[in-house]
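The chains carry the letters A, B, C and D, assigned in the order they are written, with residues numbered from 1 in each.
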């Protein structure tokens, strides 16, 4: 029972506007690749954890078995995880627990979401209802508006600039252009980013992640099985999770996500590392301000210095802590359930040394950070070779 | 009378009472008789677990903590967009989110003084909102 | 890590048409009672697992934190479980795993659902969309229709009668009348049951569970903490889970739930018992035919003999295996997320000897059986003193 | 042309093709070229993992495995209720769910022979359904 839990296979579906597939077919694309990567058959899996964030996006109430059944898991146990935008990471933690608790040796984790079919206004409405429907939604709040309010507070308190926000977008689009699974594979200039149309001041179009369809899958296994299946298992050595108030107005500060600070402290403690030892990180950049707050809350820089951190290119490969080398939610896309699983895939690739042009040389320790709602959920995972 | 511009939750005694008071010009929160915690908007129970709750009238003045204009609204709010939302810290330190009306973006700064007023929305809806003082 | 996992506190909200409360307030009612029962404070809890089945019933996308935050869990980790009608039991298994995996010592499990506010036709529509929305829902299938088709197949194959179906209802209403938390606390006669209005032949009104609002909460803890908190901890010694095809037409047989057979076999194996040793059971009687199939699939009687089993009163207290001593979903109500947690509460009460007029004397081993959708989920738990 | 009496999923190439064939009087399933598994309704992939899928025309005759009349429908189906649904085993042993029309409850027995026919629903919808032979 002191066995480690490792990642033995990864598979990523193409993110984008996927009019060719519904949820089950997208999931199949990711699962097929994960099984190929692990060189195992679906019969070798003991159970699945399916991360789908929203029944309305899935056009299916209780959507998990749709995926579990379609990919051929049959009568095996299935669990659904849901944690809004952090659904994928909640699924990873649930699967880790199943393995660690001894209920399964090998677990298939699938994150998937289909969002584009609803259109922007309707999708915005659905996501808005992840805010408190009694006291916030009735005023017309949207998720961009929550993060825009945090951005305004951060700019006011720390002098963070709109240019610094745009710099996050430029970086993530640069890396996204190198990621064949990304929704938008196109580098942008700072000027393009700055001049795009306003969504919620200070956030413009290029400060906001995309509405995408997508899926991602990983195979988690206990130490014995992970070593048997994979030549390069990657170990999940630290897990942290935390929550926060449902209403933004109850937060004592609007310039940090307290859930991130608590979750990462737990994850570092469990893995026995500090922020300095992180070689590569994927963080929750649903909006550019979220990535800047993540730099600070994860300890990559001091509170209030996040704007400076990107301005000095400390989050580029070659900087202090490379962040979102896969393009992030910003350019890769953010199909809610798939995002956390996709994060795990990027870190696994980096630690395996398989990230190609985006490779952080010699990366040994990685971190993923996934936020649900506006910090009502935060999951942080530490990975090592 | 229903609460807010749009709603999807059923009415309960708590919200019915709150709306009634708001309609009579009173902004009411709840206070825990056991630990003293104050809640605005109101709650039927305290986070300490107690159900020993008393209504109180909240102050109507506060300072803007943050704000943003919503240009792309939820579908259900299409006919109201664009509009400004803000979080305000009231004089007794409780914090409230609502729309902020009668303003343009370039007028606004964090820290500006506002007051909370009652807002009727059509014939059968009511909300509170902020106005610059 | 070889520690057992035990139930250290239980709290049940009144099930019914609860126009006085929304989801968060209903959950609070159950949590307050669970904390009182455990004689602990919410501060003593490490994490929560919230079971809410459906965002449309909750009128809230990503509904778990609404509950977690409202009951005062603050920044602690929160996980949502969802498995349709088996959501509550999925939450119990998730919490068990968290404890067993060492991620938490004491976990609060809350199951809650508000359904009545949508009205019968709309609620029927929402639940119908838990069937395959590509290939079944477009024909107008409903959940009563799925179980009615299984009932017709069972009657055809084994000679099960409508009278036997009604006998299940009579038993469950008799026990429900003794349960102060039940939605309908009223005994009925066999004649009343037989003559109620037809919903889906052969199922009439009294063959179908109610649409209810409700919540239930339990405190799970590792062995050390459970013993510290409770004088009468009840141990969760066996867990089983299984799945089945999304579409009813893909099932090889329509007279059993294969997921039940697989899940219970695992649970018996893990607990080291056989069906004969079960002193008291709560089973998923969303429809009377479901309870009859459960008798058979759980091994309480031979396949096809479920009708005889109730006719001979073998599932009454005093019979071979007393079933649904709390009134079952039939008379207690079936607020989806709350149901599985409520099942755990009934077995805990029975094994503690606190079930009052409904007490099975000297009950030492209990079983709960919770089905999601039409057997796409099945969770079986074995409990012992 | 959309599939079924009501639908909430977006169209994809698979369903578009299926509906087109159905509209031309053909009931099409898919068969896995790797393991031979047959699927009706069709799937884009086999449960064995293979994407090597071929369309085939399904038999139109089968036997009733079970049935039930839906009296209380989903809200979206209100205008069609009551109606009968059934699961049928076709001659090649695949099984299919659909409505069964032109019958009353007391006519029906498990094992009766039916055929699968194309059903137009209004101007822009299509489905398959069962009729007693």
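The working rule: contacts are C-beta pairs under 8 Å (C-beta built on N, C-alpha and C of every residue); 3 or more make two chains touch, one makes a residue touch a chain.
These numbers come from a predicted model, not from an experiment.
When chain centres are defined as mean Cα coordinates, B lies farthest from subunit C.
Across B-C and C-D, the chain pair carrying more C-beta contacts is C-D. Each chain gets one centre point, the mean of its Cα atoms, and the points for subunit A and subunit D are 39 Å apart.
With each centre defined as the average position of its C-alpha atoms, the distance from subunit B to subunit D rounds to 52 Å.
Look at where the CA atoms of subunit C average out and do the same for subunit D: the two points lie 32 Å apart. Among the residues of subunit D, those touching two or more other chains are numbered 8-9. The residues of subunit C that reach two or more other chains are 22, 59-60, 69-70, 74, 129, 133-134, listed in rising order. Note for the complex: subunit D touches subunit C at residues 3-9, 15, 41, 65-78, 80-81, 83, 85-87, 95-99, 105, 110, 127.
If you check the complex, the residues on subunit A that touch subunit C are 1-2, 22, 47, 53-56, 59-62, 64-66, 68-70, 73-84, 90, 93-94, 96-98, 100-103, 126-127, 129-130, 132-134, 239, 241-246, 258-259, 262-263, 372-373, 376-377.
Against subunit D, the residues of subunit C that register as touching in their complex are 120-122, 124-125, 128-129, 133-142, 144-145, 148-153, 156, 198-201, 203, 247-251, 254. Those residues of subunit A that touch subunit D in the complex are listed here as 19-22, 25, 28, 31-32, 35, 41-42, 59-60, 69-72, 74, 114, 117. Residues 8-10, 12-14, 43-49, 51 of subunit B are the ones touching subunit C in the complex.
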